[in-house]
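All chains are identified by letter, namely A, B, C, D and E, in their written order; residue positions are counted from 1 within each chain.
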Amino acid sequence: MLKLENVQSGYGNKLAIKEVSLEINEGEIITLIGANGAGKSTTLMTICGVVACRAGSVKFQEREIHKMAPDEIVKLGICQVPEGRHIFPQLTVKENLDMGAFLRNDTEEIKKDRDYVYSLFPILAERRHQDGGNLSGGEQQMLAMSRALMARPKLLLLDEPSMGLAPLVIKQIFEIIKQINKESNTTIFLVEQNANQALHIADRGYVMETGRITLSGPAQELLANTDIQKAYLGI
Amino acid sequence: MDYFIELFFSGLTRGSIYALIALGYTMVYGIIGLINFAHGEIYMIGAFTAFIVATVLSIYGFPLFSIVIIAGLAAVVWSSSYGYTIEKIAYKPLRHAPRLSPLISAIGMSIFLQNYVLLAQTSDFLPFPTLIPDWEFMEPIAHIVGTTDLAILVTTVMVMVLLTVVIKFTKIGKAMRATAQDRMMATLVGINVNNVISATFIVGSALAAIGGLLIASHIGQINFYIGFIAGIKAFTAAVLGGIGSIPGAVLGSFVLGLTESFATGYVSSDYEDVFAFSLLVLILIFKPSGLLGKATNQKV
Amino acid sequence: MKQSILQVTGLTMDFGGIRALNSLDLDVKSGEIVALIGPNGAGKTTFFNCITGIYTPTAGDIFLTPPDSSKKISLKGLKPNQVTEKGLARTFQNIRLFAKMTVLENVMIGRHCRTKAFVFGAIFRTAATRKEEKSIIETSYAILEKLGLAEFANEFADNLPYGAQRRLEIARALATEPLLLLLDEPAAGMNPQETIALDKLIKKISLDGQAILLIEHDMQLVMSLSDRIFVMDYGKKIAQGTPAEIRENPVVIKAYLGEEVDA
Amino acid sequence: MVSLKELKKGLLTSLWFVFLTFPIIVIKVDPIQRTVIWRWQNALYMALGTFGIYLLVKYYQHRKENQPSRPKNTEQTESFLHGILQKPLQRKILVGVVATIAVLFPHFFSTYQTNVMTTALMYVVLGLGLNIVVGLAGLLDLGFVAFYAVGAYTYALLNLHFGLGFWTVLPIGGLIAAMFGVLLGFPVLRLRGDYLAIVTLGFGEIIRLILENWGKFSKGPSGISNISRPGFLGMEFSLEQSILYTYYLMILFVIITIFVVNRLQDSRLGRAWIALREDEIACQAMGIDKRKTKLVAFSLGAFWAGIVGVMFAAKTTFINPASFTFLESAIILSIVVLGGMGSIIGVVFGALILILMPEYLRALSEYRMLAFGGILVCMMIFRPQGLISNIRRTYRFEKKPQ
Amino acid sequence: AGDTIKFGVAGPHSGDLASYGLPSVNAAKLVIDKVNANGGINGKMVEMLVEDDVCKPEISTNTATKLVSDGVEVVLGHICSGATIAAMPIYKESGILVMSPSATSDELTLSGDYPNFFRTIAPNAAQSPAMIDFAINKLGLSKIAIIHDKGDYGKPLAEGAKKHVEQTGKGEVVLFEGITPGAMDYSAIVQKIKQSGAEVVVFGGYHPEASKIVTIMKKKRLKTKFVSDDGVKDDTFIKVAGDAAEGVYAAGPQDNSSNPMAAEAKAAHKAAFGSDPGAFFEGAYAATVAMLNAIEKADSTKLEDLKKVLQTEKVATPVGDINFDKNGDAIGVGFSMYVVENGSYIVVK
C-alpha cells in the first residue's frame, strides 16, 4: 500500500533521514521504533509531504506522492496524529473533531463517528464545549487521536500516541488501534517509544537509527532480538 | 439633546468607515498574524479604480445605476487582484521568516503602492463622482444622517453579519480558523493552506474596495495618500475590538468613531486623536486582548 | 520526623464551570521524593501552575518553610518569579526551553534570581560583576556536568535530542537553587532506556538532599523513586501513601492503574 | 535554459500584471474637462517589464539550483564575518580599517556626503536603541519616535528658554526620554505582541499631537528654530566646520553606543532580555521579574533615542512635530529588522543602507520612493532573517586543564 | 560660475505632501525651457537641479547641503515653512538666494535672520487680517468660528486671525479649533460649528480639508459662510468640492485673471503635462521668472547683486508686476478676496 524507496529528507542543510526504504501492506499494523532523534517523526512528515522529500520516492497505492502537496496527500486517505498533538487551541473539542472530518460531507455519518469517539473517551464528551488549548496534556492526546479517527483514513500514521497518557488509557489506546485495524481495515503505521507494547500489537516492525533503517522483521522476531531488548525495551 | 444625537450619528458614520477597512485588517491578521500595513493602500486602490471606472463611464454617458454597479464590481475585482498578488509577492515567501520580516515587507509594499499610484495617476486630489444621490425622503433628517451615512452604516452591519456567519459555519470559514491556529495541522486535515490564505486576502481586499467606493463617495475626494491614515485608524479599531475578531473589529470601530466624535463635540477636536489613543490604552489595560478578543490564557 | 517544606491546604481552582482542583491538601518534607499521579485531566499540572503562581487559585493556602528556619512563607498571590525566588522551581509538561539560546545559557538564566548585576555593572563590568559572571558560568557548567549535558553545552537548545531537552529543563530548574523541585512528566516521550537513566539521575539529585515533587504516568519510575505518592482524580485527592500501599489501593487501581499492575 | 513551459508561465504572469495595473497606469481621466486619456504604451511597458523580471528571477533560480554550493556560499560569507568577529586579531584589523575610513571620510567626500553620513549615524544609534527593545527584549515598539521627539524638544526648549548648551542638555535629554520610557512601560507591560505594538504606536502619536497642539509649550506646528549647534569650549564654528564636528561627534556616539549595547547584551540583563523574548512564561518560572526587565529595556532604548534627539535638534537647528511621525518609527524598525534582529553589526548596516539609500536614490528623482519601497520588499524576501543574523556571541565554557 | 546657471528646485516631491511640491517643479521647468529655447541668460543655459525634501526639516538640511554641494546659484523653494527654516542657514552660509512660492511663516522675512530669503506669497501676518476684515467689514458677520488644520501653514494663520479679531474688538470668536488633516470624516466638527452659532467659518489650511468641510457642511444643510486662505484659492478646490464650493470665499494674490502671463503659463502647463496646474504653480512660476530676471539684469549670481535687482526693479510675472521689500516679501502681491461662482473664483468687488 505504501512504499518508501531510499527516501532522503531533512531541515535546512541538515539531513534528518538519509536513506529509508520500507513497505506497508494493506491491513497491516507496522511499527517504527528508534531512539530519540533517529528521524521517526521526520519519516512520517515526509510521507505526508509536510517535509519535502529530497531523494527517493514515496508511493501510495502505486501512485507517486512525494511531489504532491500535503493536502493532496491527505485527500488520498492518509492521516496523521502528529507528535506534539497539534490541537487547534481556540476551537472547541467538538470543532476540533469536526476539523478531522474536514474532507467528508456525510453529515449523518460524521455525527455517528463523533458519538463513537465520545464513547471511547468519555472525558472528551464532558469537555466538548471547552477550547482545545485548555485541555490537559493527556486529554489533548486523546483528542488528537479521535480527530484522526474522524477522518476515516485508509492509512493512519500515529506518532507516539501513548505519550503523556495514564496507564489505563495507554492500554485502551492500543486496544483501539487493534480494533480499528480489524473492524475498519485501517492500515496503521505506528511510531512509539513504548516499543514493548507497540511490538506486541504490530505485525511487523522497523528499527531506525540516525536516519537509517537498521533492522526489520516480524514483530515477534524483533521482540525476541536481544539487541533490541537491550536498546529499546529496557530489559 | 439634538446636538448629542447629531454627534452620535457623526460618530456612527465615522465608525462604519473605520469598520469597513478594519474588517479586512482583522481577517488578514487573524489568519497569518500579520499587521498588513498595505491594507490601507488596497483600500486606496479600490477607491481609485472606482473613481477611474465611474468617471470613464459617466463620460461615455452610461446611466448612474449601471455606473454604480460596474464601478463597484471593478473596484472589488481589482482590489482583490492586488490583495492576491501582494500576498504572493511580498508575504508568501516570508511564511517561515521571523515574525517581524513580513511586517517590514508590508511597510515597503505600502510605500511602493502609494508612489505607484502617485506616479501613474497624480498627486492631486480628485473629485469622486456622486454615486449615491440624496434621497428625497431623507431630507427631514439630512442634517443628522445623510444618504451616504446610511449606506455606509447599513453595508457595514450587513457585511459583518455575513462574515460572521461565513466564518462560523461554512467550510471555508472553518478552514480559515484552523489555518489561523495551526497551519501545519490544517494541512494535515486536508486544507490547502495557500488557497485559504489567498482567499482571505481576496475577501479582505474586496471589503476594502467596497469601503473605498462608499467612503470616497461620502467624502467626495481621493488621492494617493488616503490609505495611510485610514489604515492606521482601522488598525487601531481592529485592535481595540480584539484583533482577529470580526464583530470586534466593528465594535472597536464604533467605539473609536464615537469617542472621536464626542471628544470633538464636547471637548476639542485638537485632541481628538489623543482621546482616541488614550481610550485605546485604557481599554487594553483592563482588557488586554481588546473588547471582544478572546483572552488567550495560554495553558502551561 | 522530617520537617515539611511545602504545605498546601484546601487548594481549589475553578475555570469557569470546571473545578480543576477541589480542596486539595498536600505536603512535602525535606529531602523527600513525592509523586503526584492521577488520570489525565485530574488537575496535576493545574496544581503545579497554582503553587508556582502561574494561576491564582480560587481558594486555599500554600506555605513554604525553608529547612533551616521555622518561618512559613505564604506563596499565595506571589508572582511566578517571586515564587521561584522563594525556592520553588519547576519543569514544564510541554517543554519550554529558550530555543535560540545555548544549553549553557539556558542554565545561566536559571542563575538569574540568585545573582544581582544590573545596568551599571553590565556597562562598566566592575570587578564584582566579572566575579559574578564567572561564578554563574562555573556553577551552570557544574550543573550540566552533573546531569550529563556538558557535551551539549554550546549547542542551541532546540537542536538537542528530546531526552536531553527534558534533562536540560531539570538542569535549568536546579540552577535556581530550589528548596523544592517540581517535575512535570519528566519521562514523557522517553524510551525505556532513557527512562532508566532518568531514574538514576533523579535519585542522584535527591541524594544531595533535594526535595522533589514529581508528576508522572510511568508507574515503574514512580514506584521506584517515590517515598510517598499522592493520587488525585477530578481535582480531589483520592489516596495517599507509600508506593506499596498505593499499588494495592483498590480505588487507585480502578481510577488509574487498571487491573494488572506490573513492575 | 528556460523551458517552454516556463516561457508560457512568464507570458501569463506578464498578462496578469497588465490586467492588474491596467486601470491605474493606462487610463487617466480628467473629471472636470471630462476627457479620457488611454495610455496604451504603458501596458506594453508593463508587459515587457514583468516578462523581463520574470525571466531574471527564473534565471536566478536556475543558477541557484544548478549550483548546490551556492546557499552554502552565502552561509560561508556570513560565518566568514562571524569568524572575523570571533578572532581577536582579525577583529582588530577590521575595526582599524573601519575606523580609518570613518575618520578620513569627510576629507574625501563633500560636505553633503558628510552631512548625510551624520544623519545615517544618528539612525545607527536610534537603531541600536530600538534594537534593545525589539531585537533583544522582543517587545514590538511602533512608537519609538516619541522618545526621539522628547530628546529633541528637551534640548530645543531648554536652549530656547534657558540658553542651556548642547553638552548640558545631552544627559538631561536622555534621562527625560528614559523617564518617558518607564512611563509608557508601566501601563503596557501586560500586553502581548501586537497589542503592545498598537499601544506604542498610539503613544508615539499622542506625543506628537501634544507637541503640535500645545502651542504655548512647544510652539506648535511652527516649530522651534535657531537652536544652537553643538559647541566645543565656546569655539565659533563655520557651517562647514560645524558639520564636520557633528560628524565626528556622531562617530563618537556610535562607538559609545556599540560599546554599551554590546556590554549590555553580554550581561546578565541581556540574557534575561533574550530569554524573555524566547518564552515569557518559562522566563518568569526561572525567577526573572518580567516587569522590571521590560521596563529597563524600554527606558534604556528610550535613553538612546533621547540622546539622538538632542543631537538631531542641534544638527538641524530647527525642529517641528512633523519630523516625528509614525513613518519615522517604521523606518527605525525596518533598520532593526532588515539588519538582523539583535545583531549590532546588522543594525549598523541596516541603518547605513536604509538611510543612505534614499539619498543616493535621488538620481531617480520622482521614482525615488517607489524604488525605496520596492527595495525594502525585495530585501526582506531575499534576506528574511535580516542582513546579518545570529552573530550574537554565545557563552562558551572551555574547560581548562587543571 | 561655470558655463551654465544652476537653478535648484526643492520641495516635497514624494510622500503625502507631494501635491504641493510637484507643481513648482513643473513651473520651473516651463520657464527654464522657455528661457533656454531663447538662448539662455546672457549666453548661459539654465540647468535645473530638482531635490526632494519631503517637507521634513531633517531631510531638507540634506537637500540644501546637496544643492549647495552641487553648486546651485539660486533655489526655488522650499515649500513648507518648517523645511525652509531648517534649510535657510545652509544657504545663508553660502550666500545663495532662495525664493519660495509658498512658505508663509512670518519668521522667514520679519525676523531678519534670513537676508537671502524671498518669497512670492504674502506672509501670514498679511493674510490673517485680510480674511478677518473681509468677514467682519465686507460680509458684516461677527460670530466667527476659526478652524485650522494644525499645520505649520494653517495654524499660525488661524492664530493670527484670532488675534486680529481680539485686537479690532468688532467680532467675536465663538470657536477656535484644529482639525486633523487627512481624517476621514468631519461631520463632528461641522455639527460643532453649527452648535456654536457661528455666522462664518474662517479656515486656515489647505484645500483638501477645506473641500471636505464644505462638502459636509452642505450635506448637513449648514448655511454658514466659509472664508478661507490662499491655500484654498486653488482651482483644485472647486473641482473637488463641486457644488459645495459655490459661495466659498478665499483670500488670494491679487486678481491676475486678466494677466496674460498667468493665462499663458496655465496654457503652457496644459500643453506640456496634459492637466491643469496644481498648488502654488503661479507663485513658483513668478519666482522663477523673478530670479532668472535678476540674474540676467545683474549679470551675476552674487546674492548682493541679485538682491539689489529684486528690490529695485519690477518684473512682470503671472502674479503681477512685482518687486521685493527689504525683508524679502513681494510688493504688489497684495490680497484680493475671491468667491466661487459658477465653478470659478472671481474677485469680490
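Note that in this section a contact is a pair of C-beta atoms (placed from the backbone, for glycine too) under 8 Å apart; a residue touches a chain by one contact, two chains touch by 3 or more.
Just so it is clear, the model here is predicted, and its values are computed rather than measured.
Inter-chain contacts peak for the pair B-D, counting C-beta pairs in contact. Chain centre most remote from that of chain D: A (centre = mean of CA atoms). Among the chains, the centre nearest to the mean of all shown protein C-alpha atoms is found for D. For chain B, the chain with the farthest CA centroid is C.
Each chain gets one centre point, the mean of its Cα atoms, and the points for chain D and chain E are 34 Å apart.
Chain A and chain D have CA centres that are 47 Å apart.
Taking each chain's centre as the average of its CA atoms, chain A and chain B sit 43 Å apart. Centroids of chain A and chain C (each the mean of its C-alpha atoms) stand 30 Å apart.
Taken residue by residue, chain A touches two or more other chains at 134-135, whereas all remaining positions touch fewer.
The set of chain E residues touching two or more other chains comprises 14, 22, 150, 178, 239, 275. Shown for chain B are the residues in touch with two or more other chains, namely 115, 122, 126-127, 270, 273, 298, 300.
Those residues of chain B that touch chain E in the shared complex are 3, 6-7, 9-11, 13-14, 17-18, 115, 118, 122-127, 130, 142-144, 146, 148-149, 215, 218-221, 223, 225-226, 228-230, 233, 260-262, 264-265, 268-270, 272-273.
Within the complex, the chain E residues that touch chain D are 13-15, 22, 50-52, 55-58, 61-62, 65-66, 68-70, 80-82, 85-86, 89-90, 93-94, 105, 107, 113, 150-152, 155-156, 159, 178, 239, 274-276.
Those residues of chain E whose C-beta lies close enough to touch chain B in the complex are 14, 16, 18-19, 22, 150, 177-180, 182-185, 187-192, 194-195, 207-208, 211-212, 215, 219-222, 236, 239-242, 244, 275, 278.
Interface residues of chain C, counted against chain A in their complex, comprise 15, 18, 38-46, 93-94, 161-164, 185, 188-196, 217, 219, 256-258. The touching residues of chain D, counted against chain C in their complex, run 260, 263-264, 266-272, 274-275, 278-279, 281-290, 296, 300, 394-397, 399.
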